[in-house]
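The first chain written gets the first letter, and so on, giving A, B, C and D; residue counts start at 1 in each chain.
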Amino acid sequence: MSDESIAVPELSPPPEKHVGTGGALAGPVPWIDKSGAVGGVFKGIRSLFTGMKITVGYLMRPSTVVTQQYPENRETLKLPDRFRAQLAFNHDANGYHKCTMCRICEEACPNVSIIITGREKPAVSKKELDSFVWRLDSCTFCNTCVIVCPFGVLRFDGTFESSVYDRRLLAYTLNEYAGPVASVLEKIEDPDARKAAMEPRDPYGGHAVIEALIVKQKAKKVAEKAAREAARVARVAAKLAAAVPPPEAENAG
Amino acid sequence: MSVHVSTLQARISGESTASSPLSTEEYFVNMGPQHPSTHGVLRLVLRLDGETVREVVPVLGYIHRGIEKMGEHGNYRQFVHLVDRMDYLSALANNWAVTMVVEKAAKMETNERIEAIRTLVCELQRIQSHLLWWGVFGMDLGGFTPFFYGLRDREQICDIFEKTIGARLTMNYIQPGGVMFDIHPEFVKDVKAFLSYLKPKLVEYDALLTENVIIQERLRGIGRLSAARAIALGATGPVLRASGVAHDLRKSEPYGLYAQVDFDVPVGTDGDCWDRYWVRMEEIRQSIRIIEQLIDNIPEGKTFLVKPAAKIKVPAGIHYSHLETARGVLGVLLVSNGKESPYRIHCRTPNFNNLWCIGEMATGGRIGDLVAMLSSIDIVVPDIDR
Amino acid sequence: MDAPNLIAAVQALQPDATVRAQSDRPTLIVPAHALVALATQLRDDPDLRFDLLETHTAIDWLEEDRFELLYLLTSVPHGHHLTLSVSIDRDAPLVPTVCQVWPIAEWLEREAYDLFGILYDDHPDLRRLFLEDDWVGFPLRKDYEDDFMLERPE
Amino acid sequence: MSWQVKTIAQRTGDLLPGSPWTAALYVLLTILAVTAFVTVAGLVLIYAERKIAAHFQCRVGPMRVGWHGVLQSIADAIKLLMKEDIVPRDADALLHILAPVLSFAGMLLVMIALPMSPSLQVADMNIGVLYVTAVSGLGVLGILLGGWSSNNKWSLLGAMRAGAQIISYEVSATLALLVVVLFAGTLQLSGIVQSQDTGWWIWRAHGCGLVAFAIFMIAGTAEINRTPFDLAEGESELTAGFHTEYSGLRFSFFFLSEFLNMFVLAAMASTLFLGGWMPLHIGHFAALNGVMDLLPPGLWFALKTTAIIFLIMWFRWTFPRLRVDQLMRLEWKILLPIGFVNLFVSAACVVTGFYFFAR
C-alpha cells in the first residue's frame, strides 16, 4: 500500500458513484493488513521507517523551512493590498475627502466602532464633518462600512503595526480636517477661504470625542432605563391583575 | 411540578459504581477548561476508574457569548460577521449559512459567478479546516511533527484568502446578495499552484501518519458509533459519514454549484476513530476534485447584483436553511417579524451535536482513547457554546 | 415526500395538527400533550422516518404571551424535512421531553431550559447548559435584563 | 594495541598516600567538573533538541538569543531560576521538594560510571553494569514521588504510568544488557569496551547483538519517558503528567534530568553495543584498525553517543504516542519473549564460541 501511494502522487480513484442519501460506499483504506502475523509486524515496522524517512527528509533540506523572522523582514514583508488592518479615509490629491456625514457606515457598524460628529458651526455647507472616529479596539474588521459607503470614502489598508502604549490612542480620527466635502471645497475659489473652512484634526485624538459623547449619553441612558423599568413594572402589574381570577370564580372554586 | 432542575454539583457527586473485583475507587477529574487537547475552553468532567473512563460529563459555556441574543440586536448584515466567530475554521461556510437563509427569505438574486466563488472558497476552507484538524489530531496522539506540517500547508490557503478577502480567519466575505470582493486576479493561479503543491503532500501525510502502525493501532475500533446511534445522537458531517451514513447536504440538497460538480461522499464502515480519520482525509481529496472542476470555469459576472444595502428586510415568518461545513450540518433558523433585525435567530451548529456523541463513545475507553475520540470529532469550542 | 403529502401523512397520524403559516418548510402546530406520541410515530413510520432531530429551539412571543417550541426534523433516508411547532404558556412553560425519541434532545432541551426557562417534563438531567447553575433569569427571553447587559450606544 | 585505562578514582588513589590535600583538591575538581559537564551537556542537549525538532518540522527554532539562538538555553535556565518556586498548598512539601533532587541524583550517579575515554571515567567499578542499572532506577523514584506528592490527579496518573512503564521496561533493558555481559564476560564497563577491540558487539554476535540493541533502544526510550513512550508526561492527555505542579528550579531539575537521561542512555548504548570509546576495529586487520585509531577514543565516544541521541530525537519527532495498554502489551508480550529467546541464543553462542573473532 505504502509503495503505491508514494510512487504516484495522484488522487485516489473515486469509489463508486454516490447514490442519494442513505447509500453507503467505502473507498480504499490504507490499512496495514495484520492477517499474516509476521508479515504484519514487518509491514508495521516498515511504516515506522517510512515516517522517519519523511521527517529526516525535511531535516536534510533546510530550504523547506517556512519560518519568517518578522521584525527583521520588514523590508521584504509584503502584505496583500486587500489586507484589512486599519480603516482609512480616502483623501484625494488635494487632501479633500468626500464624507457627507450620511452616517450609513455608523449605523451599519455592528459594534459601534465608528463615531461621527458634525461641526457645531459649519463653515460653508449645512452639515460638515467634525471628526470621523474609528475605534480600533472594538473593530472586528468586517468591512461592512466600506461596502455600504455610497461615496467610497472608506478603505481598509494594511498598516498592521498598530500597537500603542495607551489604549485611548486606539480611537483614531480618520479625517485629516474638519470641514466640507471635496466638491464643496473645490467650488471655493479663494485658497485662504478654503483653508479657513478646513480645521486640521489629530489622527490620535479620537478619545476626546468619545469621552465627550459618553458624558452626553450617560444622562440620556439613565432616563431611558428608568422609563423601561416603569414599563416593565406596569406590564407585570397588568399581568398580575389579569391572572387574579374574578371574585365570583374564586367563590365558585 | 414534576420537573426537577439539577445542578452540576449534584450530577457529579454520584456514588461509586466500581465493579472491579479489586476494590478500586472511582474518582472525578476535570479535563479542562484548560487542557491541551480540549481544543479551547471545553471542560469534561471524567469519572475514572484508574485509566478507564467510566463517564464523561461535558460542561459547556466557557466561551458562551450569546451570539443569538446579539443577533437580535443588530440587523441581518451585521449578523453575518458574528457567525465568523462560531466555527472559526469554517468562517466562510458560516457566512454562507446566514447569507443563504437571508437570501432565501428576502428573495435576493445571485448569479453563477457569485455561487462559483462561494463554492470555491468554501471548499478551500474545508481543506484548510481538515488540514488543521489533521495536524492537531497528530499532536493529540503525541506526534508533534504533523501539527507543523498541517499548519504549514494550511497557511498557504490562508495566504490565498488573505489576497482575495483581506483576512485569514474571520472573513465576513460571503454577504447577502453577493460576495464582498471579486476574486483577486492571481486567485486562480494561486489555487492551482496550491493544489499541485498539496497533492504530493497528501501522500506524505499518509506516509507519516495514516500508514503509521501506531496510529492505526490507536484508532482501530476506538469510539465506535453505529449508524443508527450516530443519527439518533444528532451527529452530522464526517462523524456521521464515518458511521456509514452518506448524508451530505452538498449531495442531497445541493446549494451553490455543488449540483454541477462531480464528487463522491466518502463513507466509513465501522464508525470508529479510524473511519473518521479516513473520511476526513478522503474529503480533502474530494474537495480538491471539486476545486479542480470549478477553478477554470468561473463564469463572468458581477459580485453584487445590486449595491449592497446596509439594511435588509425579511418577510415575517420562520426561515431555515442549512449547509455542510467541514464539521457537519450548520443550520440557521431565522424568525422574522418583518423588521430590520431578526426577531430570533438560532444556529444549529454541528459541533454542538457532534460533541454530544462523546458521552456514548468514551465510556469504557482509556484517557488516551478519549483524547483520540475528542480529536476525531474535530470540535471547535466556540461553535458549541456560541 | 413533498410538502403537501408530508403534511397529509402527518395529519393522518395526528388529526389535531394544523399547518403553521409563514414558514418556509412544512410546519405543523401540534398540541403539547400529543407531542411525544407523534414524535415516536414520526420517527418509526417507515414512510416518514424522521430519525434526525436537526435542532430544537424556542421563540419567545412576548406580545402573545407564549413560547413557541420548534422541532426541526430531517429524515436521513428519505431526505425530507418537517418542523413541529408547539405553543406553550409563557407563565407555565412546561412541555413533555422528547429525549426518549431523539437522544440529542437532551442537550437541545437543556439549552432551551438554560436560555428560555422552558421546563421539560421527565427530562433525565435538566440543568443549565451554558450558564452557571446559579444564574438568575433566562437570557434569550425578550424581557430579560441584567445589570451587565450592554446597550448599543446611540 | 592495548588500551591503558586509568580512571580518575584510580588517579586520586595514587595521589592519596603522597599528598592527601592534592587528592582532596582532585576530588573537588572532579565534582565540579562533573557538575559543569552535566549542566553544559543539559543545556546543549536542550538546544540541540529544539533545533533538530525545528528542522524536522520546517521551522528554524530559537534564533533570537545569540547567533542562531545558541544562548537560548542559558536564557531559559536563567528564566527558570528566577521563577517563583511553587509548592501547592495541599502537597506534601518535603516529598515535593525531594522528588526532583532524587531524579537528578539518580542521573548524576550513573554519570560517574560512564567510560568516556580510557582516561576519562570517574570510577570503574567491577560491577559497572549492575551499578548503572540499579542507580538509574532511582530516577523513577523521583518521578513517582513527584507525582504522588503533588496532590494532583493528573500528576498521580502520570506518576503511576511512569512507574509501571519504567519498571516493566527495566526488565527488557536488563535482558538486553545481559547479552553483552555474556559476550564480554565482564560487568566492568571498561572491560566491556575493551572486549570490543576486535569489533563491536552489535555486529559480532550474529544478530544477537543487533536484536539486543533494538530491544535496548526501545526499552531505553521507554525508560527515559520519551515519545513514543512519553505517557508519563503525555501533554495531550495528562497536561504535563508528573511535573504538572512543578515550576521554576524544581521543574528545571526534572527537565534537565530528562535530557541527561537521554545522554546516559545513548552513552550506555554506545558503550555496550557500539564499542564506547573503542574505535571501529574489525578483527585483527591492523591496517584498518591503525587508521581508525588516529581519531582519539574520546571523539569516538562522542560521535557514537551523538548519533544515538539523534536517533532518539528522530523517534520523538516522528512517532505518535502509544496507548497505555499497548505500551504494556509491547513490553510483556513482544519485547520480553524476544529478549529471553535472544538471551538463550546468545548464551549458546558464547558457550560454543560461535561469534566473530571469538577469543
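Operating definition for what follows: a residue touches a chain if its C-beta (ideal position, glycine included) is under 8 Å from a C-beta of that chain, and two chains touch if they have at least 3 such contacts.
Bear in mind the structure is a predicted one, so any value in this text is a computation, not a measurement.
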item: Most contacted chain pair (by C-beta pair count); value: A-B
item: Innermost chain by mean C-alpha position; value: B
item: Subunit B-subunit C separation of Cα centroids, rounded to whole Å; value: 24
item: Between subunit C and subunit D, centroid-to-centroid distance (C-alpha), Å; value: 63
item: Geometric centre distance via CA averages, subunit D-subunit B, whole Å; value: 45
item: Approximate Å spacing (C-alpha centroids) for the pair subunit A, subunit B; value: 21
item: Subunit D, residues touching no fewer than two other chains; value: 56-59, 317-319
item: In subunit B, residues with contacts to at least two other chains; value: 145, 152, 208-209, 212, 214, 245, 247, 252
item: Interface hub residues of subunit A, defined as touching at least two other chains; value: 20-22, 48, 51, 54-55, 66
item: Parts of subunit C lying in touch with subunit B, wherever the complex brings them together; value: 20-25, 27, 51-55, 57, 59-60, 70, 72, 76, 79, 83, 94, 102-104, 106-108, 113, 115, 119-123, 125-133, 139-140, 152
item: Interfacial residue positions of subunit D with respect to subunit A in the complex; value: 52, 54-60, 63, 314-315, 317-319
item: Residue numbers on subunit B that touch subunit D, as the complex places them; value: 27, 29, 35-37, 51, 138-145, 147-149, 152, 208-209, 212, 214-215, 217-218, 366-369, 371
item: Subunit D residues touching subunit B - in the complex, by the definition given at the top; value: 53, 56-59, 153-154, 157, 161, 227-228, 230-231, 234-239, 316-326
item: Subunit D-touching residues of subunit A, taken from the complex the two chains share; value: 48, 51-52, 54-56, 58-59, 62, 64-67, 69
